[in-house]
Amino acid sequence: MSNVFGEKVKITLFGESHGNGIGAVIDGLPSGFAIDFDALARDMARRAPGSSPLSTTRREADEVEVLSGVFEGKTTGAPLAILIRNTNTRSGDYQPHLPRPSHADYVADVKYGGCQDYRGGGHFSARVTAPLVWAGSLARQILAQKGVSLAAHIARIGAVEDTRFTQPDAALLQALPNKPFPVLDDSVAEKMTAEVLAAKAEADSVGGIVECAAVGLPVGLGEPFFDSMESKLSHLLFSIPAVKGVEFGDGFALSAMRGSDANDPLRMQDGRVVTATNRNGGINGGITNGMPLIVRAAFKPTPSIGKEQQTVDLRTGENATLQIHGRHDPCIVPRAVPIVEASVALCLLDAML
Amino acid sequence: MSNVFGEKVKITLFGESHGNGIGAVIDGLPSGFAIDFDALARDMARRAPGSSPLSTTRREADEVEVLSGVFEGKTTGAPLAILIRNTNTRSGDYQPHLPRPSHADYVADVKYGGCQDYRGGGHFSARVTAPLVWAGSLARQILAQKGVSLAAHIARIGAVEDTRFTQPDAALLQALPNKPFPVLDDSVAEKMTAEVLAAKAEADSVGGIVECAAVGLPVGLGEPFFDSMESKLSHLLFSIPAVKGVEFGDGFALSAMRGSDANDPLRMQDGRVVTATNRNGGINGGITNGMPLIVRAAFKPTPSIGKEQQTVDLRTGENATLQIHGRHDPCIVPRAVPIVEASVALCLLDAML
Amino acid sequence: MSNVFGEKVKITLFGESHGNGIGAVIDGLPSGFAIDFDALARDMARRAPGSSPLSTTRREADEVEVLSGVFEGKTTGAPLAILIRNTNTRSGDYQPHLPRPSHADYVADVKYGGCQDYRGGGHFSARVTAPLVWAGSLARQILAQKGVSLAAHIARIGAVEDTRFTQPDAALLQALPNKPFPVLDDSVAEKMTAEVLAAKAEADSVGGIVECAAVGLPVGLGEPFFDSMESKLSHLLFSIPAVKGVEFGDGFALSAMRGSDANDPLRMQDGRVVTATNRNGGINGGITNGMPLIVRAAFKPTPSIGKEQQTVDLRTGENATLQIHGRHDPCIVPRAVPIVEASVALCLLDAML
Amino acid sequence: MSNVFGEKVKITLFGESHGNGIGAVIDGLPSGFAIDFDALARDMARRAPGSSPLSTTRREADEVEVLSGVFEGKTTGAPLAILIRNTNTRSGDYQPHLPRPSHADYVADVKYGGCQDYRGGGHFSARVTAPLVWAGSLARQILAQKGVSLAAHIARIGAVEDTRFTQPDAALLQALPNKPFPVLDDSVAEKMTAEVLAAKAEADSVGGIVECAAVGLPVGLGEPFFDSMESKLSHLLFSIPAVKGVEFGDGFALSAMRGSDANDPLRMQDGRVVTATNRNGGINGGITNGMPLIVRAAFKPTPSIGKEQQTVDLRTGENATLQIHGRHDPCIVPRAVPIVEASVALCLLDAML
C-alpha cells in the first residue's frame, strides 16, 4: 500500500539496507529517450556516502544495474527496473532489542511483529533513497528536454543559513549541481562545514533545510482538489527519511503576513503574465502559475548519534542506555540535496506527461 | 485524476461555489455506525461563514442532505453521498477577466481554456471544504469509538501566537472544539481578534497557523516508503486552499538542532514504551509511535482583499488594477480549524481501518 | 475501495435503489466540451424501465440533475456530478429475511452485518447503472468528436441468436442505437421478443448476450502488463449486475482452434496496416490494433422471478420458500445494451485522453 | 500506468524476454510468514518450458533470487522483490520488421515508436508471467494457512474437453497440482496430448481452456460497484497473454437459460447457508457467497507458429510472408495452469487481507 508512487510515471521501491539489494521499477516513461548514464552517475555520486568528511565513512559502491526497460541506450516504454547490490555491510553493528531513539526501530518492531530486517534500519534506511535519486535524475533529464531546469541547495545547516532563491534562472539551476558544496552564497559553505564538524566532534548530529527551485514550467500543473502540486510534492518529500517540514514560497512566514503583502501582483512582461513577486512559490490554488516553483524541506538531525542515549530494552521491558558504534552521518543534509531534487523531478514529470 | 483521496476510506469531492451544489461521496466506511447528526451540524457550524465579525458576512445555510449510504440512522457500508445546495450566491460580484492576485483565477483560466466556472472561484473556492468537514467530522466520530481523540487550535494569527500543544490529552482535545475561539491560552484570543479586525479595517487580510493533535493512536500507522503518515497527512492538508506549509512535531525548528536535543528518549511508563519528549510529533520513520500526533498547517492570508491591487486584463493583455467588492474573510484561520481536524481525521481513519 | 473506476477519467458511483437518490461524479473530462443533452436523454431512455412490454412495468423518471462541472452548457474541467432522485419506490415489496436466490441479498446481509439498505437490492440494484449510462453516453459524445463510433446489439436472448459483428463501420454503429430493438438481423427481433414473453408468461426470466463494437480507434490503446485493454474493459463490464462472462473477438471459440486459423493475417490496405480477419477483436497483446474492437458480455437471467423458489429464513436459520411479488424484468438484456455501450465508452475515453 | 496490480497486496512486474532479467516486487504481504521455498520451486517448474514434449524445447533456468523482503526465511513486511535472470536467449531468431500476426509485435512497434525491445516479444513475452507465478504461489501458501485451497485443471485443448468442476473440495484441489497432466478425468489426458502433438507436427498451435476453483472462502469478498470479485479476477486474468475470454460459474451458458434454472436455491446445511447448485460460481452480486469459486479462462492458440503466414514489412510498407524458425509452444495451456492459479490466488489474498 505504500511502495508505489505516481500516476503517469509510477515508481516502485524495494530493498533493505543489508539485504541482497535495493532498487526501483519506473513505469510510464516515454519510449525512445536516450539516457545520459554519466549524468545519472554524477547524481548518484552526490548522494553516495564516503566522499566527504561531512558524511559517514561507510562507502557504498552504489553500482546501478539496469534490469529492463532500456534497449540500445534508450527507454523502451516498458517498466525500467534497476538494482543496486548491497556490498559494504557490517551486520554486527546492530542491537535490535535496543531501539535507537527517534529512529524507526521501535515502530518497525511493533508493526512487523519483530520480523523486520533490523540490520541497518532495513527498509527504513536512507539507503533506499539511492534508487529514488537514480529515477529522479532520469526524470530531470527528460524534464530538461522539455525546457524545465531544477536544482536544490543547502538552505540551512544548524544555525547557518544560506540566502534563499529569489529569481532563479535556468543558468543558475544548471550550474548548482556541479558545485561541490551547493549553496547560493559561497561564503556560508565554510561556516556550514564547521557546524557539521563541530557536531561530529561531539559524536552528535545536526539538521538543516534543503531548498529546491524549478523553472520553465508551464502554467497549469497540479489538479484540484486533492492533487494540488503542493500535495503531490509534499507527499513525496515527506517520504524521505528525516523530513519533518515542507513549505512552498514564503511558507510559514506567510502566516504572519497581511494579504496586501503576501499577494503576488500579476503583471504583463513580454506578452506573458508574470507575478512581480513570488511569495507563493510558483503555485496558486495548487496549480503552477509559470513562475519559479520554490519548495523547502526541513531535515531533522540524523537520529543515529554516538552520544549515549536513553532507550528501552525490548527483551526485558526496562529502561536502558544505548551507545551506537556504527558509522553514521553527522549531517544528512548535503547528501539530501539530490534526493530532494529527485523527488521534485519525479513529481513534475508525472504532472507534465 | 484529483478529486478522490484515500485508500480504504475514499472521499470524492465535487462542486463549484456558485453551481447547483457541492458535495462528497465517502466510500469504505464501516457498516452499522450510528451517526450523531447533531455533532456533524456543530462542526459544520464551526466552518460556516457569517457567524462571527471575524468572517465574511456572507451567510451559507450549508444544509447537508444525505443522498445514500445511511439507512435507519446507520451507515450501510455503501457509498455515503452528501449534497449541500448553493443558495446565497451573488454572481454579479465577479470579473473573470481580472484575475485576483495569488488566487487560482489566472491558472484556472489557462488550465481550463476559459471554460471554468469562475463565479466565486468555482471549484477552487474554499466552499468546497464544507463537505470535507462533514466527512471528517464523521471520521472523527468513528475514531472516537476507537479511542482516538483529536482537535485543533489557532496557533497563530498574524503576529500573535498561542502556546503550542505540549502534552495534549483526551480531555483537552474533547473540550477544545466547544470553545468559541479555540486557543490553548485564552489570553491570546482578544489579541488575535484585534489582529483580524485591524486587517479588516484596512480592507486587508491576515494569515495564521492551525495546530492539530491526536491522542489514543496505536503504534504502527503509516506505510513505508511513500505512504508515511506525514506524507498522507500533508497530501490532504496541502489540498486545503491557502495552506503553504506543513510541519510535524518541532518541524522546521528541528533543522537548527543537534540530534542529542532533537531525539526523543525512549522510556518505559506503566509497562508501555513512551518518549520523554515529543519533538517528532508522534511519528518516527513515517509511522505513529503511540505518542500524541502533532501537525501544524500554515495558512497564507486570504488573497481576496478589498484594497486595490495590481493585476492583468486577460481580454486586452494589459496591466490593470483590481478592486474587489465582494464579501470576504479578513482571516480564514478560525474557520480553518475544523477543516484541519477533518483532514487529519480522514487520514487517521483511513490508516486505522 | 470500490466505487471509483478509471485513471484519467474517474467515475465515482453512489446510491441505493430506494434511498434519496443515485448519481455519479465524473472527473478528468476535458474542459469546454459542449454537451448534447438530448442525446444523453435518448440513451437514458433506452436503459429506463417501463417503456416496453419486455421490461418491468415499474416506471422510473430518471430525471438527471447536473450538480457541478457544467457551466453555460459546457464542461468546466471540474468534477461533473449528477443526481437522479428515486421517486417511484414501493418499499413494501421486500422481505429482507428471505434472500432471493442468486441475488446479492444474502452476501450483503453477511458483509454489512444486516445494516445494508435491503430495499430494492439497495446499492446492488441495477438501478445504479443509470448514472453509469449517463456518464458513458457523455464519453461516447466525446469519443465521437475524436472519430470513434461505438454501439452494441442484442446478440442472444435465450435460444435465439443474432448474427455477430463482422465488419462493422461507423455508419452501422451510428444507426444501431436508433433501432427500437437493436439487432443486426432484424428477422430475429420477433423471435427474441417471443422468448422474453414466454418467460414472462411463466413468471420466469431469460438471459442473453450483448455484443459491442467500436471503430475509429487508434493503434496503441491499453497498457501492458496489467492494464491490457481487455483487462480494463472486463473490469468494468463485470461490475454490471448479472454479467457472468466476457470475451473478445472470437473469445471462447478460439480455445478450440488452431493458430493457423486463429491468427489474423496482417495486410497493407490503402497505406495502412490492417488484418484480413478480426478473430482477435481488434486487440493484440492487450493493445488495440486499429481494427474494430469487438467484445461480448453474457448476462444471466434476472434472478428476481415470480416463480416460487427455495431459500432460507435468515431469522430462523431454516429452509423456506419465497414468492416474489414485485415488478421485475423478465429479461434485462434489451436495457443492458446502453449499459454495455457506456462501459466500453468510458474505458476507451480513459485510454484515449 | 500498468505494471502494478492490487490494493492491499500490490504486485509490480518488470522485465523483457531477452533483457537482463525479469522480476516482481510484492508489497503488502503480512510479516512473519515462513515461506516454503520448495513449494514455490514446484510451481515454477510447472510453468517452466522444456519439461515436456508438449512445450517449447527452449529451457529456462528460472532461478529466482529474492532481493528483499525476506529475513531468516520469513517475510519482513517490507516489499518482497524477486529477480530471474534471462539466460537462454537466442536473439538471432527475431525479425522486427516482420510482425508476427496476432502477436503484439505490430502494436508495440506503433505504441513505442520502434524503440521497444522486440527480442522474444520483449515485455509482451509470456516469460513475464514467471514472476507472477512465484508471487501467486506464495499467495496460495498464505491462503492455505487461512483455510483456502485453490487449483486449476486443463478444461479443454482444441476439441478435447475435460469434465468441469462440480463440487470441488480441498482434497481434490490439493492433489491436482501434483498431477503431471492436471485434468479431472484422467482419460482425456492422452487425447489432449494427441491434440497438441498433431498441431506440433503441422508446425501449428492449438488453444484451450483452464478452469480454476477455490474453496474455503469466507462470504463477503469483493466490493460493489466496480471491484466485484469477477471484475478483479477478470482484470488479472485478461492480462495473461493469449487469454480472450473469462467466465464464472456457468458463464456464457447462463445466457441461454431461464432464471428458474439458473438461480442457485439457498439451503441450510449443518447450520450454514449453502446453495443447492453452483451455477453462479460462488459469486453473487460480485461478492463471494461461500460456495466454491469457479472461473474459466479461454486461451487462444499461441500466435507463434512455424507455418508460413501473411504479414507486412514495416520497412517497406508492403505485404510479405513470414516463416518463424524459433522454438515455440504448440500449446501454452498446460503451462498456463499455474499462471491462472497464481492470478486467482493474488486476487483472493488481496481481498482477504
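By written order: A, B, C and D. Residues from 1 in each chain.
Operating definition for what follows: contacts are C-beta pairs under 8 Å (C-beta built on N, C-alpha and C of every residue); 3 or more make two chains touch, one makes a residue touch a chain.
The structure displayed is predicted, hence computed values, not measured ones.
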item	value
Count of contact steps on the shortest path from subunit A to subunit D	1
Most distant chain from subunit A, judged by the mean position of its C-alpha atoms	C
Centroid spacing, where centroids are CA-atom means, of subunit A and subunit B in whole angstrom	27
Centroid distance [mean C-alpha coordinates] between subunit C and subunit B, Å	39
Euclidean distance of C-alpha centroids - subunit A vs subunit C, Å	46
Residue numbers of subunit D (touch at least two other chains)	1-4, 7, 13, 78, 111, 123, 224
Residues of subunit B defined as touching subunit C within the complex	1-4, 7-8, 10, 12-16, 19-23, 25, 27-28, 31-32, 65-69, 71, 74-81, 83, 111-117, 122-123
Interfacial residue positions of subunit B with respect to subunit A in the complex	1-5, 7, 13, 99, 101-104, 106-108, 110-111, 123-124, 128, 156, 158-159, 199, 202, 204-209, 219-220, 223-228, 230-232, 234-236, 238-239, 241, 243-252, 254-268, 271, 273, 275-276, 279-281, 284-289, 298-305, 307, 309-312, 317-319
Residues of subunit C defined as touching subunit A within the complex	7, 78, 224
